[in-house]
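The two complexes that follow have chain A in common; it is paired with chain B in the first and with chain C in the second.
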Partner chain A sequence: MANQKMIEPDLDFIKEIGVLGGSDLKKCYQCATCSVACPISPDNRPFPRKEMIAASWGLKDRLVGDVDIWLCHNCGDCSVRCPRLAKPGDVLAAIRSYAITEYATPKSLAKMVNDPKKLPVLLAIPAVIFLVLGFILNMFVEPNWLNFSPEGDHIAHHLFFSTWLVDIIFISATIFAVTVFALGIKRFMADMHQNALAEGKTDKEKLEIKGFLQALWRVIPTILRHDKFVECTENNERSTAHMMVLYGFIGLFIVTGIFFVVLYVFGIHGPYSQLNPVKWLANVSGVALVIGSGLMIKKRLDKPEQVSTYKDWALIGLAMALGVSGLLTEMTRLAGAAGLTYFLYFIHLIFVFCLIAYLPYTKLAHLVYRTLAMAYAEYGGRKF
Partner chain B sequence: MDKKYGVYICTGCGIGDALDIDTLKGVVEDEGLPVKTHKFLCGKEGIDLIQKDIEDGVNALLIAGCSGRVNCDVFRFEGCVLDRVNLREQVVWSHPRSEFPALTEDQVDDGIHFDRLQMLAEDYMRMGMAKIKRINLPEPYQMEEFSRKLLVIGGGVTGMSAALDAAGAGYDVTLVEKSGELGGYASKMRKQLPIANPYDQLIPPMADTLIQKVEAEPKITIRIGTEVARLAGQPGDYTVTLKKPGERIEFDVPYPLPPEMTVDENGKELDQDTLMERFREYNEGRRDILTIDPNGEKFGAVVLAAGWRSYEPKEDEFAHLGWGTCPDVISNHQFEEMAAKGKVTRPSDGKEAKSVVFIQSPGQGDDKDFEYGGSVLSLVALKHAKYVREDYPDDGKAFIFYQHMRTPGLSENFYKSTQQDPGIFMTKGEVKKVSKNGDSLVVEADDTLLGENVAVRADLVVLALGMVPKTVDEPVVNMAYRQGPAFRDIDLFKGYVDSNFICFPYETQRTGIYAAGPIRRTMTIEESLEDAAGAALKAIQCVECANRGISVHPRSWDMTFPDFFFQRCTQCKRCTQECPFGAIDDDEKGTPKPNPTRCRRCGTCMGACPERIINFADYSIDSIGSMVKAIQVPSEDDYEEPPFRILALVCENDAYPALDIAGLNRFTYSADVRFIPVRCLGSVNVIWIKDALSQGMDGVILLGCKHGDDYQCHMIKGSELADIRVKKIGEALASLALEEERVAQYEVAIDDYDKIPKIINDFVEEIEALGPNPFKGF
Partner chain C sequence: MTENKESSASGSILVVGGGISGLTTALEAAEVGYEVFLVEKNPYLGGRVAQLNQYFPKLCPPTCGLEINFRRIKENPRIHTFTMAEVDKVEGSPGSYSVRITLNPRFVNDNCTACGKCTDVCPAERSNDFNLGMDMTKAIYLPFKMAFPHKFVIDSVACQGEDCGKCIDVCEYDAIDLKMKEKTIDINVGSIVWATGWSPYDATKIDNLGFGQYSNIITNMMMERMAAKDGPTAGKIERPSDKQGPASVAFVQCAGSRDENHLPYCSYICCMASLKQTTYIRERLPEAEIYIFYIDLRAPGQRYEKFYSKIKEDENVHFIKGKVAEVIENPDNNNITVVAENAVTGQKIKQEVEMVVLATGMQPNVALSKLPADLKVTEDGFLVNDYEKGGMFAIGCATKPMDVVSSNQNATGMALKAIKTLVNR
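And now, the complex of A and B:
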């Protein structure tokens, strides 16, 4: 049995892929039309044909560490051309979804994030944290970090939820998310390299940090320009929506960074004037986020043949909720509706918490995994 | 009959433009026959012209115009002898005046020039006239005793279904089943493949329903625990002796002497008396085939549905797959038996078998499936995989390693539904080895769709062993035929009973016996049901044709049959031995005893007979021989350089239509060849070839079907026998100082119409290179 690989199909994996949107997986009859149709699949060991049989045979270990599942941008070219309607694009999406959960810890939280019934609980967690922590700290700090009746006519959200309170919670959440990612990435990178070696998808024997980081640097322009996205023929226009959401998040991230530095270094509190360029960036990014996610919702509703799972809706919904709640908070503030704007700010904070703390478990984790996979492919000479 | 002749020449379709019709009429008038022309003979006016003559007493018609293969319905005149002269496809359409110019005034009768095309047409007129003078209207063969009852052999799904279909059509049926109960294999299954839309789920076995229907049908007599000891006689009048399996009775069918017993120690053929003596010794206790069982039952035709058995591997045949050494390696047949009884378990320890591997191909460097396989075995593997999942829905796994996954037609839906099961795994691949590992097995396979060589742990391994037709083991029908009780040459088809499964399904090489179900190829129950209907209809067709004194197939409605002039028979037994359908028996002296309803009218006996005493009413040694003699062979007395004359004897099943199609496509070939259609090359009597050469013709070409293992001959053996006879005639020619190459046979299929001009022209060139026949002009 020297050259034979012992395989043991994992039935639960197959069933789970079905639940995650790959229920047509078993219809595949291995014609490889998908691999030919895919505009970005490499010539050497092309995907997704091999992923289709591996998935229908329940070979979980071979798939979660497969770099190729992340090279796929789910454009749907393969699914449209599949003669058996096995939807390879959606199957790969399901495998990615499974992989995100697989590399996330703790599993119980990952399961909650993927369970629509647990959504109220997940939303309640930040609400409770803010209130409970606020009340507790109110016993020790003056003025109170959580103040339900800020004095004066000046409306500033930090008078309601102190920036200290917000940042203590968000920095903790960020540290949590980064830690979860770090643990996942460690396993992910090792698995990905091992899988690539086993399947002859890399020309590098060892995974060297320096070379990998250089490759990462090289792929960032590709990602920002959405080069792979636009190669798609079926869903080409999808790249615009994705780009808007991505740039919206980047813009808002930059704005948050500036706020943070200005506050803690110069001690200057917001809100900024509407004439401030930083404010322009914030507003433009917020609008981009709302429009981008709105386009995504429309696309998905227009294409019922494409599978849309809870995870897909959860992420788009979160992006939309973040944008809308943020902009509404700002608008109500400018309108001088103090009670309403404070309430909306609370809602907005809850969504921001969800974004940060649940990041390693949601579909948005592709931000990390796909980037790393694309960098790895660049590093390993996998021409996609 | 007193013949009153009428010759009609159609001048339409370009015939009148290319030929000198007046001269052509002169040829007919020289023979003393009345001739009329019409420019549109197949039109109403033309037909009325002929019809009027018939009213005036004309009853022997020669119609010159289009090929006899077209307008058959138009030129059909009851009670008249009729022949058609093919002036269109094989004369004017295939020989344009641009290439075969007419003579100028100076060239006429100059002793140098001649008009090849006109000569061709004139010869065909002469040949046609010679023929209608020598053929007669056939009279149907009437049987003294006649039975419409059908015998169905085999009480499985196919046999029961055939019996029901025949009974539904109003025929009495006797259903004979060897075992003690009806139902066959289908009644021993857990579940059955789908037989109706949407073809995607297993259904309960239908055998019980069929048994109830058969038992309730008053037209069906059921005989279980019974087999056929002998089937004597011919379609419409079979006498069948039935017996209990294994019983020895005097009407057990005798077997012909094996070839080594028919010769003496020096290898010389024994004389008839010694042969009979040995035959009696060899078959002691059994009555001769011509002795009719007085207690036998009468039948008209037979449906053979004896079915199949599972392939039995030879020792060590599949040793690499653990067959014979690992108790948990079983056949699909054994798997079905186990599944019908209960859950899928391991034979070695009775534990649950939750991981089952189905192997569809034995591998070993070959992608062939197991012998006697086919698409059924793919479907059976899918069915069995479903059993595993039925028994263990949560964690049962079924693997199918195949080289071919064949799910024809709508059974694709069944494949799809099986595929959709998360616990069923399929891949193409070559299985290398099955070995023991602890208390379970490991199956190794190379070149799988998974992109690598894999190994799978298995509790149970199932080999897709094939379905061997019962005719591999025994003759089954036990025909009291001189050629023997079994079907001849079925080893060409691995023992499946069939003559040609594409062109003539159900027809065996024995007229009146129609095969259905897995005895003729592996098939599913659904296919068997359809097969049963087909064979039942074929049997009914046979009975009804026999009753009308006409041929069943492939020459359906042919009323002629071979007529023997026994006074001159030398008892050489060639006709008995060479008949492809075993239609002729012979008595103790070796005198042939024809069985006209077994006959397919190919004329192989006519071609075989050295005494030329076998003829048909409208097709005889004399009718064709006279046509040959009617061909004018110009010599040096006529022209300075006389044209060559070549005779072509053309099989009318494939080669003759191919010639017509060549004409239709305006393909051109030599005008020195004269075609005569024959029923089959097997009917070609060498006397025609000898006559042609002795009257100065330069060569003879035979055009017929492919022969050999993958023969296309409609009469199975005809073209092969012709080939043997032509080779023998070569020796005779050599003794006359004639080159053997002057006689040749070529294989032509119906779609070879584009190649046929080259075949003809090449042969003509070859003959021209040999030079003229030295006997010319004598």
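And now, the complex of A and C:
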């Protein structure tokens, strides 16, 4: 009797996986075709067959901290080969989505981010923050934080929303996101290590920071080169789109960093000349973001057999919205349409806020969790 | 029985398909006094059963039972057998159907004594479909040793025709007629029984299992013929690449069955067939290691279960729960590595073996070519009996995958349904 294990299924978890895009989960009959079809699954304890049965049985605790759900790059090779059309690829995507919510605090905000009905509220939050904070600061502190009728012929967006206002809000949002991530990562790392020990997926007894960071350093080139994407057979052209979006974001992040330093160290305001190399990087990155997310939209529309849920569209939509609103803001500025460009800038700021503040709750959190999981796999000797 | 063999009961039955199911219905109905037309598209009776080496679980040869059935047919004047025949048109309603049947030319008449002299002189060859293409026959050939009717037949595609005519010269019985033409006949029957059977699923469609790409991957029906004494290798189990007895064999269960991309249903017999085939290998190659890769093993009923238990005790037979999803050929020795995840241990297995047997499933023939009658058919091509409408009935593997014993029971019962149609007229 001592060897008997009580399985305690979490029925709500099973239901939630269905809602998040894994509704064909129960069709699985455990033939393990998926584990063989997967080009990146390791020989020891391969995925996703074991994840399919754990999910079927509602074993939430075995899944949210499972490093393997993040090693999966959702290429869909398993789903194509699946004899039951149980779509293991989509089930793993659903589990990842669940795990993101699981490691995020507060839960109420995480639920809102995953609920299409709450989208207007989420968009309204930054709009209100900008306007209210701007007005309040206008009343009490000089200079002009928020100016609806900037004077003069020179169009510069900081004349509308002062960079101080923008940066106070965005730095706060960043601190918030980093804090939420920090809390999540602490639990995530502990769970991931415990799960790997229990399932014999690691050769390291202890999780040591130094070794882990070294492993992280080693996997970064793999991530940047999209090596794992390229191993997929069904969907490998997808890696181009993903690469464009990723590099678009990285480019814009660098541009933002340069702007920030130049502004606060040297006191030089934008907008930069179109001849400035930083501007080139900004423009190229913005275009990459729009084209990359456009390709992603097209790919999803062309593949109706792959499940596309709200979380997928929300992320692609956000990337597209950021790129389009940013580029339109720039173009209208260059065209001299002052009113329009200021309005578009406001819209753009709202999307930027969404990107930063909601990052730990959206699908984009995979940026953090998948990176950590890949580093952990590298650290623990999980050859995938 | 007090049956009067001379006088027929009124009404007649058409049985379409001369496999084990069709034979059974035809015989049961004829032996209680009804006139039966038995139509078979092959040049011989016996269907898929004729190709089997042994039955499970008793491991006795099917030819034994077939021989008895053939004798019963010969002795019964109420059965009219048409081989190389196909039903073209069916009109009418229960109790009265008019049916048009096409008789394809055999080019060999009833004078044939199957002496075989024609074969000796025939210069043309054809791939032997009875042995699933594993060997060749001459253009004039006897389908198999036990073939009934025991007459030669000419493959009109392979035959060089009257310009050659060597067989005609050598035939002492005037049995060859190369001018024979296709004929049609019209018959009236009260009831029709469809026993159209099955074909092995085309394994080349299962692209991840390498059949047709790698020579040492064969199907279960090929294994039956290989194991048969009258088969292409005279009963020697050998791998196609070098004709050597394999030291290791992997069985891949559910090859195309229970698969939404192929046959979505379970083909029912493949588990027992593979278990049976392990006995062929164990008997002839006692050192060979056998690996059976399965999702679930189905051995329904006490007798099958017992058979499975016995095989399980064999140290040379290894059962692995996990479907083979990938095969790799070693170009140096043509060995095959099969890849699966053992779902019990959670480890990926890459097992190199010298030969692979795909346990391919049953596809109803109706899925491959439609019937000229108003019948209910499932998406997969199985016939569905409509007892309210009556008149026409489906039996055997035309209705669902089943083993021989179930086919016989089903065929016997359905003979009564057909008879009832005649009586109630």
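Brief remarks on what is shown
Just so we're on the same page, the second predicted complex is superposed on the first by the 379 of 384 C-alpha atoms of A that agree within 3 Å, B and C clash if a C-alpha of one lies under 4 Å from a C-alpha of the other, contacts with A are read in each partner's own complex, and residues count from 1 in each chain.
Keep this in mind: a contact is a pair of C-beta atoms (placed from the backbone, for glycine too) under 8 Å apart; a residue touches a chain by one contact, two chains touch by 3 or more.
Please read all numbers here as calculations on a predicted model, not as lab measurements.
With the two structures aligned on chain A, chain B clashes with chain C. Of the two partner chains, neither chain B nor chain C is touched by A:97.
Contacts of A:50 after superposition: both chain B and chain C are touched. Of the two partner chains placed by superposition, A:163 touches none, neither chain B nor chain C. Of the two partner chains placed by the overlay, only chain C lies in contact with A:37; chain B stays clear of it.
Legend: residue contacts after superposition of the two complexes on their common chain; A:114 is shown touching neither chain B nor chain C.
By the touch criterion stated above, A:5 is placed in contact with chain B alone, chain C being left untouched. Of the two partner chains placed by the overlay, chain B and chain C both lie in contact with A:29.
When the two structures are aligned on the shared chain, A:81 is found in touch with chain C, with no touch to chain B.
The interface of chain A with chain B overlaps its interface with chain C at residues 29-30, 45, 50, 84, 199. Within the complex, the chain C residues that touch chain A are 208, 254, 258-262, 295-296, 322-326, 339-343, 346-348, 350.
Chain A contributes residues 29-33, 35-37, 41-46, 49-50, 81-85, 199 to its touches with chain C in the complex. Contact residues of chain B toward chain A in the complex are 394-395, 397, 416, 419-423, 425, 427-428, 432, 442, 444-446, 449-457. Note for the complex: chain A touches chain B at residues 1, 3-9, 11, 14-15, 18, 26-27, 29-30, 45, 50, 53-54, 56-59, 84, 199.
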